[in-house]
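Next up: some structures, all given as structure tokens.
The same chain A turns up in both complexes below, where it pairs with chain B and then with chain C.
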Partner chain A sequence: MSEKAVTEEKRVFMTGNEVVAWAALAAGADIMYGYPITPQNEVMHYWTRLAPKYDKKFLQTEDELSAGFATAGGVMAGRKAFTATAGSGSVLMQEPMAMAEMMRLPTVAVLQQRGGPSTATVIYSQQEVTLTTIGGNGEGMRVVYSTAGHQELYDYTIKAFNTAWKYRFPTFVLGDGYQAKMREPLTIYDPETRGISLLEPEPFVGKEGEPGKDRPPAQYRNTFNLEEELYEKVMSDIREFEKVAPEIAEYESMETEGAELVVIAHGIVFRAVREAVANLRQQRFRVGGFRPVTLRPLPVTQIKELVAGAPKILLVESSYGQMARLLKEVACGSATEISTFFKPGVGITAGEVEARVKEIIKS
Partner chain B sequence: MPDTTRMVLAGEGGQGVQAIAEILAEAANEEGRQALYIPNFGVEQRGGVSVAFLQISDQTIGSPKFLKGDIVAALSDRAVQRTAQYTGPETTFIYDSAMEGVADELPKNAARVMPVPAMEVAKKELQPRVFNMVIMGAVIGATGVITLDKAKAAVEKKLGYKFEKQPHLRDLNFKALERGVKLGSEMLGGLH
Partner chain C sequence: MQPAPVMPKTWRVDTKPHKFCPGCGHGLILKCLGEAIDDLEIQSRVVYGCDIGCSLLSWDLFNLDTVQAHHGRTTPVMTGIKRARPELICIAYMGDGGGYSIGVQHLVSSAMRNEKITVIVANNTQYAMTGGQMAPTTLPGQKTETSPFGRDPGTTGMPFRGAEMISSIVQEGAYVARGSIANLRQLTGYLKKALKNQIEGKGFSFVEALSSCPTNWRTDAARTWEFIEKDMAGYFKVGEIKIPGRGEVTADA
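On to the complex of A and B.
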């Protein structure tokens, strides 16, 4: 048994990609499968630098399709396996992730969103929300954590492994190019010293004993002959997902009580919202902020309460309404006035959010 | 000094703007302050203008990029054009005075425009390759955003492995840094 990578709490200053590699080590990941794409490359670089020291493995595959399938395979062999990708790589990754969804495989994927569509920029966006939450030819039975900086990249990468292995739905950490490449301080820690117990992986195939006699046979299908058979399978997964959704859903809210307008954003854009809300409150504007931490499943109860209580909602994101579509579905039927501020593929600053809020309130 | 200092550093690839930003960020972090540094990069392998965005604050830092910098430093003529959009009425604009033909491109809307003879000083008094250290010193001198000691410690952390083999490089880099600080604070004094 190799020693632990992170033993004591330590303040560090590093890039987000490096954070992900450390977090995967701290989470007890066994192997990473990957294919290079900016801005995710350094997750692989740091992992390959660190992994051998702790008896961990890495395999570079020929593309993202095989990286995704290899991750599924690693999981079936009973290893905590993960991958990381971005942009067009996320598109290719949909096929294996849909299989993971169908076979209920606890894959973990870290996505560092870049500009889209196609090659676009290697810099930043929030344009992989639709793809990550409900991409693939299925019903989007996935867990997606949208992080807002390095501490969360660390916390939620660790959490992603536990969520995946507990609920057996493919789990994603949705970062972006800014979080991938920027340096900022965070505290790394051994999760077990903070009372977080790490779930042990177990193999799906190649188990001890005789199938049907000593244990149930291991049968993992992604192919069905009959519509009815498929319907039963898909509905059973949907029911299970819906049952555990409230346990998984997470959110952050600030000053929403009695607010005249609530700004909703996810991921790194919420940092601009936090700053804007604080500034606006100082100027006596009754403004609050809300952030779904999980984009899938969404914190439905809190969103419904919010739209019932706040007269005005402002949706802000670095895409042309990918988060908004998810939220509007939940808010459907509410009388709240919904405004938007969309900057696809471009970062959003506090000043811009402030200006948009004032425009809405004064109109 | 405002509680958050926002800086944009831009130059040609190889001029060392990313190194400066990283060292300044490291130094601020070592001082226990909040720091956020993000490089800007395109799809080109080489030949682009390299831009670094840096924020140093006593409070939690919000979005990684920003619209206008408190300090904007341009180390090449293309960088002068590239950074025009980050210059506003609060900005101190720093550029190397050896650059030719940029007079018309210099920002008209900046609070201050500071030509720094960094290349000249590096060439005549030191070595051309410590040009970026002179610029970094000038930024520190003009802003006081971090202490010289912490800057030196961060340089040591980043380049220490080179200094081990060639100790004279330490003196050279530190001298360049100190000279830059002097240039920066003189400029500031002269403008007030």
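On to the complex of A and C.
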């Protein structure tokens, strides 16, 4: 056994990419597969430096298609495997993740969103929401955690491995370039000392015994002959996903009770919302904030309650409505007045949110 | 007043100085390319494609119609243009990561189909734009951000000899060579021959150019040249590898 990477609780000051590498170690990840892309590179850089010390492995693949499929291979071999990418790499990641959905593979992918479409910027965006939640040619049977800072990057990267291995749906940690590159204080810890037990991975292939003699052969397929066969398969996954969705879904809310307007945002943009809501409350505006932590599955019950209770909703994001589309589907049929503040590929400040809220309330 | 630096006619003056780091090989290769285009007097017929990688910095370098494509996909974009408008002269310029890693399937397939395009790969033994990670061309023992203890051929294989690979799969009519920024006259000659091959419709043409990246290599001028002329040229032999009508030529020729 290799020694544990994180044993005692420690305050540290790190970039988000470094946090992800440490979290993956703390989660007991065995192997990373990756291809360079900014702003994710340093996840690999830290991992390649840390890996040999803790008996972990790394493979740099020829592209993200390969990184994603190799990650699928890693989990099928019974190892906690993960990858990290961004932007146009997330696009290529869709093909392997579609296979992971089909085969119910517990892959973990950390995405540090950058500007799009195509190469765009290496800096920041929230434009990979549609891709990550419902990309691929399937029904989006995936779990997506959208983090809002370094402590969460640590917590949810660890959680992603457990969620993936418990429910067997491809799991994503959706960060962004700001979180990737920024330095912030956080506490790193050994999850087991906090009562979080780490699930043990199990092999899909290469199991004990002789296939056909000691055990049935493990055979996974990716194609179906008949429409009905596929329908059965897909519907059974959907039913399972819908059953566990309320267990998986997470959210954060502030001052939504009796609010006249609730601002909804996800990821790092919610930090601007937190500040804006606090400022507006001081100015006696009855404003609240809500944040889906899981973008897939969404915290549907809470969103429905919210739109039923609040007369006005403001949706804020660094994309042209990718989160909004998901939320509007849930809110469909409600009488709430929905306003938006979209800045695709650009950061959003508390001041901007405050100004937009005042504009809506006064109109 | 300082005399204006000599630039190829096809270079845009208003976008100079170019955006590459001091000591970068890209600028030298593209100067040779500019001179080759000048000599052949084909400026009005060329479509230039650059990849994502430091080559992307050349998107406004020339007075040429230019496409800055997606990472690794410049070859199929240029193939698409050439197939639709065969009278155009299509040049795909990319790094070793773009050409030999993520885009290698396109390079292989276009060479196999004998596409009448010219592909140029700048080999600087790593992914420069993203901060210096290992590439297929990284030399054994060479330290990069993803091979921090030196490239280990036991787990990552040996460096990729792209020009030799291409020459072994192309058919008669193709032109394949490897030049170096250590010999600019020779490199310009190879680029000219490659373009002529395309113009004459003989076949696929391919030039790899050994290039420098002092920024990520973290080398001074002396060590930069030594790395290109000794380390790189020792493994990646400079010379023409395939010439139409002459079959396979031994490197060093």
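Convention: the second predicted complex is superposed on the first by the 354 of 363 C-alpha atoms of A that agree within 3 Å, B and C clash if a C-alpha of one lies under 4 Å from a C-alpha of the other, contacts with A are read in each partner's own complex, and residues count from 1 in each chain.
Here, a residue touches a chain if its C-beta (ideal position, glycine included) is under 8 Å from a C-beta of that chain, and two chains touch if they have at least 3 such contacts.
This structure is a prediction, so every number in the text was calculated from the model and none was measured.
Engineer: Based on the superposed arrangement around chain A, label chain B with chain C as either clash or fit.
Structural biologist: Aligned on chain A, chain C fits beside chain B.
Engineer: After lining up the shared chain so the two structures overlap, which partner does A:Lys243 touch, if you call chain B first and chain C second: first, second, both or neither?
Structural biologist: A:Lys243 contacts neither chain B nor chain C.
Engineer: Let me test your reading of the model: by the given contact rule, A:Thr119 touches which partner, first (chain B), second (chain C), both or neither?
Structural biologist: A:Thr119 sits against chain B and chain C alike.
Engineer: Tell me which touches more residues of chain A here: chain C or chain B.
Structural biologist: It is B that touches the greater number of chain A residues.
Engineer: Looking at the overlay, does A:Thr48 come into contact with chain B only (first), chain C only (second), both, or neither?
Structural biologist: It touches chain C, and chain B stays clear.
Engineer: Angle at chain A between chain B and chain C: what is it in degrees to the nearest 10, using CA centres?
Structural biologist: 70
Engineer: According to the stated criteria, A:Ser88 is in contact with first (chain B), second (chain C), both, or neither; which is it?
Structural biologist: A:Ser88: touches chain C, not chain B.
Engineer: Is A:Thr349 touching anything from chain B or chain C once the two structures are fitted on A? First, second, both or neither.
Structural biologist: First partner only, chain B.
Engineer: Report for A:Asp63: first if it touches chain B alone, second if chain C alone, otherwise both or neither.
Structural biologist: So A:Asp63 only meets chain C here.
Engineer: Identify the partner contact of A:Arg194: answer first if only chain B is touched, second if only chain C is, both if each is, neither if none is.
Structural biologist: A:Arg194 contacts neither chain B nor chain C.
Engineer: In the superposed arrangement, which partner chain does A:Ile37 touch: chain B (first), chain C (second), both, or neither?
Structural biologist: A:Ile37 sits against chain C, while chain B stays out of touch.
Engineer: With the two structures placed on a shared chain A, what shortest C-alpha distance in Å links chain B and chain C?
Structural biologist: 5
Engineer: Just which bits of chain A does chain B share with chain C as contact spots?
Structural biologist: Common interface on chain A, chain B vs chain C: 38, 119.
Engineer: Given the complex with chain A, which residues does chain C contribute to the contact?
Structural biologist: 52, 56, 68, 70-72, 97, 101-102, 104, 127, 130-131, 133-134, 136, 145-149, 156
Engineer: How about chain A: which of its residues touch chain B in the complex?
Structural biologist: 13, 38, 119, 121-123, 178, 181-185, 268-269, 271-272, 274-275, 347-352
Engineer: Can you tell me which positions in chain B touch chain A when the two form their complex?
Structural biologist: Answer in residue numbers: 22, 25-26, 29, 34-43, 60-67.
Engineer: Can you list the chain A residues touching chain C in their complex?
Structural biologist: Touching chain C from chain A are residues 35-38, 41, 44-45, 48-49, 52, 58, 60, 62-64, 88, 118-119.
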